[in-house]
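Per-chain residue numbering starts at 1, and chain names A, B, C and D are given in the order in which the chains are listed.
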Amino acid sequence: MAVVNEWAFIGVFFAIAWVFPFVPILGARLLAPHKPNAIKQSTYECGVETVGDTWVQFKVQYYIYGLIFLVFDVEIVFLFPWALAYSQLDFFGFFAGLVFVFFLFDALVYAWRKDALEWV
Amino acid sequence: MNDVCSINNLTQCLLDGGVSPDLANLLTILGGVVLVATVPLVTVIFLIWIERKIAARVQDRLGPNRVGPFGLLQSVADAVKMLTKEDITPMGADKFIYNLAPIIAFATVVLIWAIIPFTPLHIGADLSIGILYFVAVASIGTVKIMIAGWSSNNKYALLGAFRTIAQLLSYEVPLVLSLLIPVMIAGTLGMQDMVRAQGSMWFVFMAPVAAVMFFIANLAETGRAPFDLLEAESEIIAGYNIEYSGFKWGMFMAGEFMHAFTAALLAAVIFLGGWWGPFVEQVPALGFVYLGLKTAVVYIFGLILRSTVPRVRIDQLMALNWKWLVPISVANVLITALLLKVVDAIGLAPQSGDFFAHLPQTLVLLVGNLVLMFGVATVLRNRGRAQRLVDEAAHPVEHEDAPVVAGAVGH
Amino acid sequence: MVPLWMFLAVAAGVFCIGAYGVLSRRNAVAILMGVELMLNAVNINLIAFWRYVEPLNMAGQAFAAFVFVIAAAEAAVGLAIIISVYRSRRSVIVEDVDMLKW
Amino acid sequence: MFELNAQSIAFIVFALFSLGGALGVVTTRNLIHATLYLILSLFGAAGFFVLLSAPFMAAVQVLVYIGAIAILIVFAVMLTRSMTRLSDIYNSQWLLSAIVAGLLFVLLLVGVILPVWGVNGTQAGREVSSIVTTTVDLGKALVDQNQYVLPFEVASLLLTAAMIGAIVVARDDKE
């Protein structure tokens, strides 16, 4: 029961948390003046007329960072149960973790040597 | 026996008042949620004042001092001003998502407060996966930046958002890696248990490297100097929230201030022993004071850092993360794991909960951490020296203290 | 508790919607999203069966964990291939990438 | 069989998230919106995991799917940006696909609800055990010689291989 209650709390929190920022924004909408015109609503790029599509071409480097992060994220998440149970594991558990982290490190070293970590 | 209804016995109180059990439960939870969520809302008003005041003092200014005593009500005045500011939605913006982003920005920070143990008794929800909850909620934070940047229909916003996401993603790796170490030592993911495990020894003494990593990564995650590239006014004019105005912009700002404070709070909970302090077990309410003090130390250190150091370049930012913080964190995890097993094998693991039982293990871990720090410092020094030699070979410097005199040329 | 078949029914729904997306969308990224939906439905099934049938056996959760790994690897490599194809052919429409077809 | 309590209400909400999000993913033209729908759907699944007392899996779901995979998809969408506003989002065989998917769904639903293939365990009013394994057990099982240590290491290897492969494929090697 207690466990369910904890998550019920989180559930209610998720449902309520949106209200706190929503209320002042709604209040501002009611209170603030609203006189839109074309110039005011135009895209703000330091006063220069905006040229072309907003969706400029991005560098692939952003994707590479996202990719390395994804791999690390997944691996670290699986280290959490390992770390949690660590005090109850024997030396084999340490070596299992060591090998796991070794592969992770391998990937990092590869990315490093291939200059995939450079912001070019 | 329950004459006074408080939040601790609200359920029983309502049941006595003849309310159905389900409703009583719901009302209790609702009361708790509102209570926990209001704390950050009130805090943020003072946080902004503290931040401005400290930044002003560091820069030899006075800071806000007009509205209210010591300018305390400046933030309230700002909030009122923001309420009456016109809220401009740019043309071509994706309306629904554009309005959703500031709400997510603020809500995700409030949500972290659900798992923070304030005292031995007061915690929103003592989840069994507390730390992972924090990491998960924090990772939703990238979504808000992505949708804010994309929905504004502005090149600068989009570019800023992408830079920011790259930064946040990168620094999440050392952040989460450094959290592995307290989990390993305490053997729990729950926040309340994590604090209890620090009863006789704070984790900052057992894992100083992890604590430093956590602090640095959090500076970057909250976008504080020297990592404030996400609002680099002089480079990408405020980044992802450039098109926001009025209270929506205010929500981003309030969320950012609160996130910085929440990060300090978490550092205090995870590494500085949370609510532990003298007599806290007799008077649980003292936990608020101790936690507040510890948080203030971390927070104000961050603030002073913010107002003194210059911003790093984005390539330096990425290099610092991937070439220094991540390898060090990984090495730290392995060293701590090995030492813990060694300590266990030679029988130095703490048998009881008092201070002296924890001392040997702490010393071993501390020495391990110091060795790691020394190794890093050595590598840094050697690299710096090599770089300096290369630089000097490329651009020979004429030292002013040793002027070249005519007769000395022949040497 | 909510009966098991309801979880399975929702998972089946998500799986079939994902399958429809994979079969009918033209954009490769959208197809990948469909695949993610299908993998996710599988995960719901695994965890539901673990909870209702074998809650004391770790197999269900461990399997779900490995499905996460597969999903991550698949997303990383799949998107990389899409980016590579876009770079060489300026298109991510799967029908345009048919050099291996005949 | 199905009474209305906090759990079932939560189930309905999460089911709506899951299915609604999934429908959004396959029907939306704009790929960024589709990604947001995907996030909604995955969030619903995370809610399911909490209901099924697997909170660790819920955290992994949010962390990996919403925090990483969804962001990666957005990066990919941005990198292939000219393809986000297609006139036709479906190919020529979309009707056939819809029929196939619909039939599959009916088939699965029949299999789930009716005892057509032998005894159907999903309907039996079996007592659901209140004791479940925890994340600690998962941690132990993952590095146990007799259980999942090999898959655990292979998973790491797979991720390493995926990362190296993806870097090789995605990078623009013009050196």
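The rule is short, and it goes like this: a residue touches a chain if its C-beta (ideal position, glycine included) is under 8 Å from a C-beta of that chain, and two chains touch if they have at least 3 such contacts.
Being a predicted model, the structure only gives us computed values, none of them experimental.
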A-B against A-C, pair bridged by the larger set of C-beta contacts: A-B
Nearest-to-centre chain - CA centroid comparison: A
Centroid spacing, where centroids are CA-atom means, of chain A and chain B in whole angstrom: 15
Approximate Å spacing (C-alpha centroids) for the pair chain A, chain C: 21
Computed distance of Cα centres, chain C from chain B, in Å: 34
Centroid spacing, where centroids are CA-atom means, of chain B and chain D in whole angstrom: 30
Per-residue overlap in chain B, given as positions that touch at least 2 other chains: 26, 127-128, 132-133, 162, 165, 169, 172, 189
Residues of chain D whose C-beta touches two or more other chains: 6-7, 53, 55-56, 59-60, 63-64, 67-69, 71-72, 75-76, 78-79, 84, 135, 137-138, 142, 155, 159, 162-163, 166-167, 170, 172
Per-residue multi-chain contacts in chain C, two or more chains: 65, 68-69, 72, 75-76, 79-80, 83
Chain-chain contacts as defined at top: A-B, A-C, A-D, B-D, C-D
Parts of chain D lying in touch with chain C, wherever the complex brings them together: 1-2, 7-8, 11, 15, 18-19, 22-23, 25-26, 31, 34-35, 38, 41-42, 45, 48-49, 51-54, 56-57, 60-61, 64-65, 68-69, 72-73, 75-77, 79-80, 82-84, 86, 88-91, 93-94, 96-98, 100-102, 104-105, 108-109, 112-113, 121-123, 126, 128-129, 131-133, 137-138, 141-142, 147-148, 151, 155, 158-159, 161-163, 165-167, 169-170, 172
For the chain A and chain B complex, residues of the former touching the latter: 3, 5-10, 12-14, 16-18, 20-22, 24-25, 27-29, 31-36, 38, 40-46, 50, 54-56, 58, 62, 65-66, 68-69, 72-73, 76-77, 79-80, 83-88, 91, 94, 97-98, 101, 104-105, 108, 111-112, 117-119
Chain B partner contacts - residues on chain D that touch it in the complex: 5-6, 32-33, 36, 39, 55-56, 58-60, 62-63, 66-68, 70-71, 74-75, 78, 134-135
For the chain C and chain A complex, residues of the former touching the latter: 65, 68-69, 72, 75-76, 79-80, 83
Residues on chain A engaged by chain D in the complex (per definition of touch): 3-4, 7-8, 11, 53, 55, 57-58, 60, 62-64, 66-71, 73-75, 77-78, 80-86, 88-89, 92-93, 96-97, 99-100, 103-104, 106-107, 110-111, 114, 116
